[in-house]
Amino acid sequence: MSNEIGFIGLGAMGLPMAENLVAAGFKLRVYNRTPSKADPLLKRGAVLQSNSASTASSGGIAISMLADDAAVEGLVVGDDTIAHRLAPGGVHISMSTISPSCARRLAEFHTECGSKYVAAPVFGRPDAARAKKLWIVVSGAADAKHKARPALDAMGQQVIDFGEDPTAAHTVKLASNFMIAAAMEAIAEGLTMAERGGVDRIKLAEMLTSTIFASPVYQGYGPMIAEMRHSPVGFRLELGLKDLELVLKTATEVRSPMPFANIVRDRFLSAIAKGREDLDWSAMALGARDDAGLGEKG
Amino acid sequence: MSNEIGFIGLGAMGLPMAENLVAAGFKLRVYNRTPSKADPLLKRGAVLQSNSASTASSGGIAISMLADDAAVEGLVVGDDTIAHRLAPGGVHISMSTISPSCARRLAEFHTECGSKYVAAPVFGRPDAARAKKLWIVVSGAADAKHKARPALDAMGQQVIDFGEDPTAAHTVKLASNFMIAAAMEAIAEGLTMAERGGVDRIKLAEMLTSTIFASPVYQGYGPMIAEMRHSPVGFRLELGLKDLELVLKTATEVRSPMPFANIVRDRFLSAIAKGREDLDWSAMALGARDDAGLGEKG
Amino acid sequence: MSNEIGFIGLGAMGLPMAENLVAAGFKLRVYNRTPSKADPLLKRGAVLQSNSASTASSGGIAISMLADDAAVEGLVVGDDTIAHRLAPGGVHISMSTISPSCARRLAEFHTECGSKYVAAPVFGRPDAARAKKLWIVVSGAADAKHKARPALDAMGQQVIDFGEDPTAAHTVKLASNFMIAAAMEAIAEGLTMAERGGVDRIKLAEMLTSTIFASPVYQGYGPMIAEMRHSPVGFRLELGLKDLELVLKTATEVRSPMPFANIVRDRFLSAIAKGREDLDWSAMALGARDDAGLGEKG
Amino acid sequence: MSNEIGFIGLGAMGLPMAENLVAAGFKLRVYNRTPSKADPLLKRGAVLQSNSASTASSGGIAISMLADDAAVEGLVVGDDTIAHRLAPGGVHISMSTISPSCARRLAEFHTECGSKYVAAPVFGRPDAARAKKLWIVVSGAADAKHKARPALDAMGQQVIDFGEDPTAAHTVKLASNFMIAAAMEAIAEGLTMAERGGVDRIKLAEMLTSTIFASPVYQGYGPMIAEMRHSPVGFRLELGLKDLELVLKTATEVRSPMPFANIVRDRFLSAIAKGREDLDWSAMALGARDDAGLGEKG
């Protein structure tokens, strides 16, 4: 079996993921809208393509890591896309955070073309991608997942399988991103109330994240929120809003009200309305301080 | 220095905490509204008192672990209470979950009487109390905390100091309980949305609590919520409502809006209105399922 | 039957109500914490009392219009209060906005003393009180309401009866005040969204309040909110917060979640935290503008 | 000037509106997906067309009253649509409830084609349409509005002008529909709390809607909600959800958080999830009862 892979999308996440594939011995044909982003990979033997479709070959693998539904849809749906080039039998590993309803359309289009769609979104920020510490959730046809597995293993610390439905892993990703954002809001409200009650917010965050909330999410965001340290940007506020919009769109489609998600979405929206769009998405936590009449700084 | 301690309140938490004090060599004078609860302690040398005041002695230590503001206020404020009996120089270690404003009144009354108040609420459920795995947060006058320390060390795995303000540790406790309840709601919304989207909720809970949310709170409540396993009762729904009422009362007093806390309080309220008051407080998570038109069982 | 009435509480509402009683031929014995507020009434024949109890006489009528639960409770519960002085057979017409649970205690105390409690809270601001345009809702024992009727007719344009339960009229008042506050928030959100979408907010308010929302509440608050005109103060923000706290306390007691009430309460809380406590309670509407990153002025 | 008008969309609202045009002397060329709906109009001289484009003539007027963004977009955008047929100088009067962003695209497409777009959504239910009691809000180019005016006057009791921006009237419509839905939720919460507190909900609704809330919206929905009378259907629950989705989409686009709108949207969503989709949209009010553990019937 060939060890060639197409890779589309060399952003803050995609680039280190592709580098880990190269390190694991895969040969990459890469495409990125801004070609210069590919330079570090080209030095290590990757071959730049002038369009996304030509990264794919019949029966091969193509990986996409793009910004949103529209970008991935543009990659797949149409004439002469990777969905056609991968056929027969090739696999598209779709690692972006997209809506389950979009994933369903993509999977159906792949099927029509004779290729296959594997959902494989990831958990972790760019430093985790670099360190091969991503958690990858997958769903899709069993044989396609089997074919995708060596590439996934080269990019993450663990691959967790959510069955055959190509939308499932995307739903998992959205539910999880919602839970991360909800954790940020909960931290923000708890720390703000405590601060107004005379408690040292930094000490409180230390206590919580070393005891009952000692997990990566709380240990990552707790200190940032306590210290109001929202730059440099790990994940942009606009992307936080985009993700929560996907969460709520999906919640509406599946008829499942999510009151916390509404509040979190509005925190992102309000942060952008207030001109904080250049901060990390954790800056949504400033909303609780605004409501309490506190400033952006201690 | 004497190793005698008064202990008031032998409920699900108080009893195992008192047992750990006995095991550490302290001699207890105990009081409980239902005296028979003291039997296991009496067998190990504790002495039963007929009223709470007589558990305290001049310059000694008295520990309280009771249900609510009113109970602790009844113990302290009045004629001939432990606040008087501990004077001069004795210390009341107040370990119940009470409101900061109540704690302020109690601390002032102790000062008037010539005794001292140390706030020392705990984190952990009865099994953690038994295993000496409680986390204890303290605040109060430095000398009083120093005097309280050996007893606290005998009951918990770690003592975390939040300074001199006697309300601070109680504020920390309320902020944290809010965050626990918020975590339950976030889990409930995430799992419900995912389930409606075709994802296996138990598998999702396993994934989340072994990766980005691998902390005691999520690992404790995630499986319970995923499996809708809300009995036996570790913490009663009514107490969850009581705690959230204290959170919101405090939030109002310190002028700090908490939108998540509103939602969580209403989940407890609604669960009780729907007749679920005999379930564990985690049964608040069923509210997200109700809203999505799902039943109590899979 | 005597036409003497005791009147306690000569604030912005109480004074014009008492003046209408005088105008209708009633002779008043009045009490107010700040006695000088009674001057306009004394000129018209009212007699000032040095304490609240002495406004009441056996078998007579005493009317109270005070700030909160504690004030009315202080008037009734205790030794030698109006509850005692009115006995046997006298009636306390309680017109303040208080909690139903407080009203229950008061009614029971009156019964023990041999006097009677009629709940009679009012709708309308001070100018409506002056113009005898108040709507009065009553509940209580039929004979007591009958005895109270001439006085009520002298103060309002309409008296609406909610039965025998002495808490009912107070519950009606709280439910209605909640609905008024909810209308303000709905107006605020609608106008803010429309303004951000390029619509003239003042024109929109005019349209709505002259068509589908042509009612006193919307016609009163719509223009104030559209024009951001929140002084002079008709009803203080702090009182708005107090009322919403009573609403939510009652909602908790009767096990009835009210998500809109949570949001409205937080708007009052946040307005106070932001230093707007000297504005009319309609200034809660600025919260929607804050969230959208708009200033206090156009 | 010709008195011919094209009319597209003969649903519960469109048909009585078209009938009023006929009654006012206009000659209609009509189109409806289900042609038989046009029968009452054909008897009165209207002429049925086999497609929507042929209802329009160069320099004339075409009116659309359709279900959603997609339907109106399908009518306008494409080859040989009414946008082309109306050119040069004809006017499309767009009376459906659609999103402002859709209206912007439509207006631009009309401009490209040489025809004009006038936004003219309406307030009122089918019986108001029949009685010519609709309120019509308009926006668009002044000359186009002038040309549209006689037709609008024939369908409504009042035409209210919101300026030149073709999105403005649609934004007004969405803001207003949000406020209607918010009024329903406020009524529902107030009545439910009062009922649980022992108050007669029907009497309370009567009092409120004859005094401080005496307006068409409250007088229309208050009794329906008090009596839990949610059929026959005046406006379908699914359409309520659609409208609130448009409201929230627009709120996100203009960066204006709307916490009440979130709650109202979720009430529609939950009502559908619970199987109430065949009831009137006012059945969203049952959500407050569900939360309080009350049944669908008294």
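Couple of notes before you dig in:
A, B, C and D label the chains in the order they appear, each numbered from 1.
FYI, a contact is a pair of C-beta atoms (placed from the backbone, for glycine too) under 8 Å apart; a residue touches a chain by one contact, two chains touch by 3 or more.
Keep in mind that this is a model prediction, so the values were computed, not measured.
Separation of chain A from chain C in touch steps, taking the shortest path, is 1. Among the remaining chains, C is positioned farthest from chain A, on the basis of C-alpha centroids. Centres computed as Cα averages put chain A at a distance of 39 Å from chain D.
Averaging C-alpha coordinates per chain places the centre of chain C 38 Å away from that of chain D. Centroids of chain B and chain D (each the mean of its C-alpha atoms) stand 53 Å apart. Counting only residues that touch two or more partner chains, chain C has 251, 255-259, 263, 266, 270, 273, 291-293.
Chain contact topology: the protein chains form a complete graph, every chain touching every other one. Residues 259, 266, 270, 273-275, 290-293 of chain A are the ones touching chain C in the complex. Residues of chain C that touch chain D in their complex: 100, 123, 135, 137, 158, 160, 162-163, 165, 167-168, 171-172, 174-176, 178-180, 182-183, 185-187, 189-194, 196-200, 203-204, 207-208, 211-218, 247, 250-251, 254-261, 263, 288, 291-293.
Residue ranges on chain D touching chain A, taken from their complex, read 241, 245, 248, 251-252, 255-259, 262-263, 265-266, 269-270, 272-273.
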